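Letters A, B, C, D and E mark the chains as written, and numbering starts fresh at 1 in each.
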Amino acid sequence: MKDEGKTTKRHPIGSPPGTLMPLGEVYSGAVEMHVLSYTEDTVRRQHFADADTLAEHLQDPALTWITVTGVHDSSLIESIGRTASIHPLFLEDIMNLMIRPKVEFLDSQMLIIMKTPELGEDSHVLQMCQASIVTGPGYVITFLDRPMDMFEPLVKRIEAKGSTFRRRGPEYLAYAVMDILIDRYYTVIDLLGDKSEELEEEILKGGDSTHAVRIHRIRNQLISLRKTVWPIREVIRSIMGEEGRIDPSIRIYYSDIYDHVIQIMDHVETLRDIISGLMDIYMSAVSNRMNEVMKVLTVIATIFIPLTFIAGVYGMNFEHMPELAWRWGYFIVLGIMLAVSVIMIIFFRKRRWI
Amino acid sequence: MKDEGKTTKRHPIGSPPGTLMPLGEVYSGAVEMHVLSYTEDTVRRQHFADADTLAEHLQDPALTWITVTGVHDSSLIESIGRTASIHPLFLEDIMNLMIRPKVEFLDSQMLIIMKTPELGEDSHVLQMCQASIVTGPGYVITFLDRPMDMFEPLVKRIEAKGSTFRRRGPEYLAYAVMDILIDRYYTVIDLLGDKSEELEEEILKGGDSTHAVRIHRIRNQLISLRKTVWPIREVIRSIMGEEGRIDPSIRIYYSDIYDHVIQIMDHVETLRDIISGLMDIYMSAVSNRMNEVMKVLTVIATIFIPLTFIAGVYGMNFEHMPELAWRWGYFIVLGIMLAVSVIMIIFFRKRRWI
Amino acid sequence: MKDEGKTTKRHPIGSPPGTLMPLGEVYSGAVEMHVLSYTEDTVRRQHFADADTLAEHLQDPALTWITVTGVHDSSLIESIGRTASIHPLFLEDIMNLMIRPKVEFLDSQMLIIMKTPELGEDSHVLQMCQASIVTGPGYVITFLDRPMDMFEPLVKRIEAKGSTFRRRGPEYLAYAVMDILIDRYYTVIDLLGDKSEELEEEILKGGDSTHAVRIHRIRNQLISLRKTVWPIREVIRSIMGEEGRIDPSIRIYYSDIYDHVIQIMDHVETLRDIISGLMDIYMSAVSNRMNEVMKVLTVIATIFIPLTFIAGVYGMNFEHMPELAWRWGYFIVLGIMLAVSVIMIIFFRKRRWI
Amino acid sequence: MKDEGKTTKRHPIGSPPGTLMPLGEVYSGAVEMHVLSYTEDTVRRQHFADADTLAEHLQDPALTWITVTGVHDSSLIESIGRTASIHPLFLEDIMNLMIRPKVEFLDSQMLIIMKTPELGEDSHVLQMCQASIVTGPGYVITFLDRPMDMFEPLVKRIEAKGSTFRRRGPEYLAYAVMDILIDRYYTVIDLLGDKSEELEEEILKGGDSTHAVRIHRIRNQLISLRKTVWPIREVIRSIMGEEGRIDPSIRIYYSDIYDHVIQIMDHVETLRDIISGLMDIYMSAVSNRMNEVMKVLTVIATIFIPLTFIAGVYGMNFEHMPELAWRWGYFIVLGIMLAVSVIMIIFFRKRRWI
Amino acid sequence: MKDEGKTTKRHPIGSPPGTLMPLGEVYSGAVEMHVLSYTEDTVRRQHFADADTLAEHLQDPALTWITVTGVHDSSLIESIGRTASIHPLFLEDIMNLMIRPKVEFLDSQMLIIMKTPELGEDSHVLQMCQASIVTGPGYVITFLDRPMDMFEPLVKRIEAKGSTFRRRGPEYLAYAVMDILIDRYYTVIDLLGDKSEELEEEILKGGDSTHAVRIHRIRNQLISLRKTVWPIREVIRSIMGEEGRIDPSIRIYYSDIYDHVIQIMDHVETLRDIISGLMDIYMSAVSNRMNEVMKVLTVIATIFIPLTFIAGVYGMNFEHMPELAWRWGYFIVLGIMLAVSVIMIIFFRKRRWI
């Protein structure tokens, strides 16, 4: 669980509330800012560099969607906050990568903190990325804690000619962003599902010690998914409950992603059940293997130990051992040995050990 | 768990809501459409090929029950949707085989998404089939994701002379369809119950490694049943709660299948408990077997190892070993060996190992 | 779990609601019917054979308690139902031995479905008997799925001279019947409690493989008790909630059996906890035994294997082995062997293996 | 679990409600009765023998606290009940030692059934004593199922000069009695806590088979504590909820013992968690020990078995074995044996087995 | 779990409520008292020695923050209580180190009992420190059960020039104190998280018996954190619910620490899940190691036991053993031995044991 790691930054104990400081595992690349303004008829897309230009964009009567990638530069975040008049406590939350998903309402502003999962290259490490969405009259500002390339289809949908999208307000845009963030959970869950199926097949063929580790890894990834999905459900429920703020025609879309989140939770719980069953199967495979090993040892030892004893007896050097002088002594003993081993083998057959 | 499989289709991330696209594991046979129209006096049953004919059926003053088998043809579903004026979001849900059972109400229409289990030939694979029911004034449209042959008795009941069935509206028909879909759970649960009893008997005789796999399989099938039964309960409760939409004389029937669903959940939970007890019994059987194996090894080794040592001693080639020259040396040693083994056997008897 | 067995009968899929057909494991003896009519002053007890006589009894102004033993004869049940005007859905429930305890109210009638446990002779098999109670104005009809001999004390109480019982209405009689059915749970729980204590004592002396099976059996019996007790609680709560139907002076008696049911649930849960602790103790006993076996093997093998090796060395036939010619060679070697075994024994003593 | 034992008495099935009969494990000593009457100014303490004297005490305008030790004499209990006009159902509950803690209100009377734990001499057996408290206008009657010596401090507090205690009513006295009964849980929990700590230390040093039994015993004692604490919480909550009956100035005291009960539940749950962790540690200690045993066996066997084989080879009696005639053959073989064992030892060192 | 330890003090059974007596594990150093009074413009910091000086400070119109370190001196606590008119039950709670976190309101006073964790030097022992906060008009009194050095940053924030802190009332100061106490949980959780990660890495490399103990220790520390965090949540919720007492402008700060507590609970639960997964992994590592040991033994024994038997056969001293006289007998036997071992090795290769 990387997000519990050593490099995690925390507020020093006793800091006043509203202290702006990046918290958690922080991305250290350059901060980038983009703006997409659109009305029903026009779409304008721009890259911009400082918070001053932002002010102009915000005064634009078009709906302005600003994306800020990287939240670790306190002074920049502060100046954006001042320009867009975002409450300092909101800014503190945006810079804090260790908080749970949540939604806060203040006057006409709404702050949504979302998490979205990202599987590393080798899909061993599951990282939780944070996206904060601030909506206000005529603007949506999205803060991403690291670059994410998944908003391109959304931009395309907005830019598409005659898109009905452009007729809708900031809450619809916020929904569309959340929808994409939530869809990433499906990707990760499908992947974990595939992995667990693969693991099941392998374990049924015969579990080895790497399987326990893999089960453990999936388990931990599910724990960490679950930890973020539950509060997201609450977030969406809260938004849907804000009668005055969310238009009924838009609430249906939130209700749609609410269904998605429920379904994701369902999948996560089901996978947890399946994974815990896998651990049982794995343990039973290990026991069975041990049993097999023991049986082989027991069969071999049990057959040969008495035979070796018999051989040992006739290897003794007593002067008076009548059998040794018998003409057929050797062959009789060989015969006895054969008989003993046949009896043993029959015994083991009956017990189904061989 | 097939329904988590690799061939699963998903919406590309960022698709606009209402995109019609088959999702999940999709049946690929030809789409078939049937219609059954009935009034109190007449019953008409027909096969039809395109959505245009549908329009006529819908205008028929008789109660029209349309069954569409196969939901993977987006254009067909769309044209049916347009003809019967079904909301695009309903159509999206109908084509999505990965969603949970649910019910949605919109104006005079009601959409019920149901799941029903199907056990494959060798009853190893449990598949969840999806049936979507759209009711509206004067019609019920049932969308099945694959051919299901279980509605024949229902058709017969409708066609039966003087059937009281025909006097009732679309909500009653929807109930009758749901009743059949829910009855399939009983079949599957009875089968799983029989299997688990069989397994129990076999394990009590002596568990082997295939049993763990069978327990695991039943466990997973129960997980997957449970996952669909819980939301079905909610579906029926929601329908019963729609005071204006469901006639009180019909609500009693929904209350009946609500009882069935509760009972199914009960059976599933009980079976889960029993199955988890079976795993314990299996593990204990495995441990006991290992114990048996160990005991045999220990008894044999412990008896013969000292004897072999004694034989070894008199097999040494020292020039000065007085015992070797004794007249009865050999027989004395044999006697000692006998004594040692008798003592050992008594010792093991006391410990109840043999 | 017999009640999940193979002989279980189910409605064919698609049967219309209200189909009268015996479901579940059905008793096949002859149906018997008794009637007990009483007013404050008179008591009349009779055996009767067909539903027509029933009609007369029902018109009797005395409180009439009819007991029907055996519910598998659809035509008889139907004619009783018609005579006493019991709703077809009630009759269907009465004949269905697979449903959960429940209560239904319809006009002036109340249907209570109860389950009561019965332990077979060898107390291995726990069967759930079903008793359905229909109350109406002036009558109580009890349907038992098989003969039960436990109502005799109740009959005596009614017949007793000056019994206050006879002053009370059908709801009190229904309570008295339920009280007896619920008391049977105590008998079974006490028996299971005794068994589990016995098992505990035996396991603490040293568990063997039959104990796992017995634990498993008790566990399953508790699961099956629990499955019926929970809904009984709901049944009594519902009855107590029917303000208009149940007289306050009688509600206190229902509240009394409600307490009993809570207590039974308590005992069942406690026993489940204890039984699951027993399984742990059993597993630990098995592990310990395995440990013992291993230690004996290890001690014996570890002491004699090196000795046997030494003997083997001096059993070699090399022409040039100086020790063999030594005067005291043999005794020196015996001394070394003794020393080795003493060291080994000290080593094992230290480790507390012997 | 003694309170599930064989000597347990139950009502015969079908007894009428209100039957007075001692139930459960009954104390068989002589019944004792004491009375303590106090007003603000006077305190009078008396022993009395029959129910008639009781009537006088009850008419006394002072607050009268009657303690009855022993509840197995039905006729005495009945006459006390008649004298103090206690409802027969209350009396039945007082004589039934198998019921859960509960509170009942009837007119001006309140019946509180309490349980308090008692650890036997060797602290192996945890017994649940029952104390029933009946409060009415001007009197409190406490029924104890066996002698308990813990009320002495309470009596002293009442007798103390100028005690504010004496200014308060029967509900305060009932509170004070309950407080003492609840305090006994702390004693038992502290003791179980100490035991579990001791056990932990011992197991960490190396678990043996007696530990499993001791864990099991503490576990069962916690189960039985838990079973009584939960309903006590409900009892106090119900009393606090009786707005009209309990004076607000006294409710704060009930709220205090409510806090205590919550804390006891907390401790019990925490101890259960700790105990279940101990079982894990114990099982892991057992596994580790088995591992140790196996390693010793494997190391010894694996080193000497090949050596013994080599010795065996040169113990063969073939006429043509060139090595036997070699001048240094014996020493070469000894050298090889040494080399083999060194290699083995290095191998085991690498694997960290020795 | 130290706080369940033997030195724990408890009220003697039957003590009257409000008895002032230090309970629990008590710090025995000297009691220290500090005062910090501030208005918007001035800050005064002082050390004081007896309760009389306290009276002056309380009459000071400035906001007075008094810190008392050490709560074991009943007479001092009592005189502070009298001076600041704190209710005796509040004082009893302050001196009782064994109670759960809670909040109580009385007239204008509020008592908050908080717990904060402290890890010992070697971080093996987790201690729970208690801090009680009494707020009243114009003052906040903090009682610490032992010296804690973490309030320095808070003092600095108050002393800072132009601090907005000084404009706010006692509830804000109480919040700030709680915030610091809660922040300590993060420190402990981060540390436990690091430890569990470290443990995971070590176990994945190969678990040994110390790991089980370390898992157990972390588990118990989590249990003990959890036990205090849950009630803290309730405390904050209660404070936030006191509409009249807490100013809305300050409630937002309580809502902030409420979020923190939720997050801490989240972390604790997640860590518990992870730790319980670690135990599984550890057990599986132990099993695997045992398997390895067994395999080595089995391979060596199985290869050499038959060979030793063959050598034994030709070590017998029969007079008539034709093979012994064969010219190439010895080499043929060596060849047979080689063949047998090659076959064995192939067999083990196939089974993947070597």
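Definition applied: contacts are C-beta pairs under 8 Å (C-beta built on N, C-alpha and C of every residue); 3 or more make two chains touch, one makes a residue touch a chain.
What you see is a predicted model; the values in this text were computed from it and never measured.
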item: Least step count from chain A to chain E, where 1 means the two chains touch; value: 1
item: Cα-centroid distance, chain A relative to chain C, in whole angstrom; value: 43
item: Distance from chain C to chain B - Cα centre to Cα centre, in angstrom; value: 26
item: In chain E, residues with contacts to at least two other chains; value: 283, 287, 290, 294, 297, 301, 305, 308, 312, 315-317, 321
item: Cyclic ordering of chains (reference chain C, direction chain D); value: C, D, E, A, B
item: Complex contact set, residues of chain C against chain D; value: 150-154, 157, 165, 179-180, 183-184, 186-187, 190, 193-194, 196-197, 204, 252-253, 256, 259, 262-263, 266-267, 270-271, 273-274, 277-278, 280-281, 283-285, 287-288, 290-291, 294-295, 297-298, 301-302, 305-306, 308-309, 312-313, 315-321, 351, 353
item: Chain B residues within the chain A interface of the complex; value: 1, 4-6, 8, 10-17, 89, 98-100, 102, 209, 212-213, 216, 219-220, 223-224, 227, 279, 282-283, 286-287, 289-290, 292-294, 296-297, 300-301, 304-305, 307-308, 311-312, 314-317, 321, 323-330, 333-334, 337
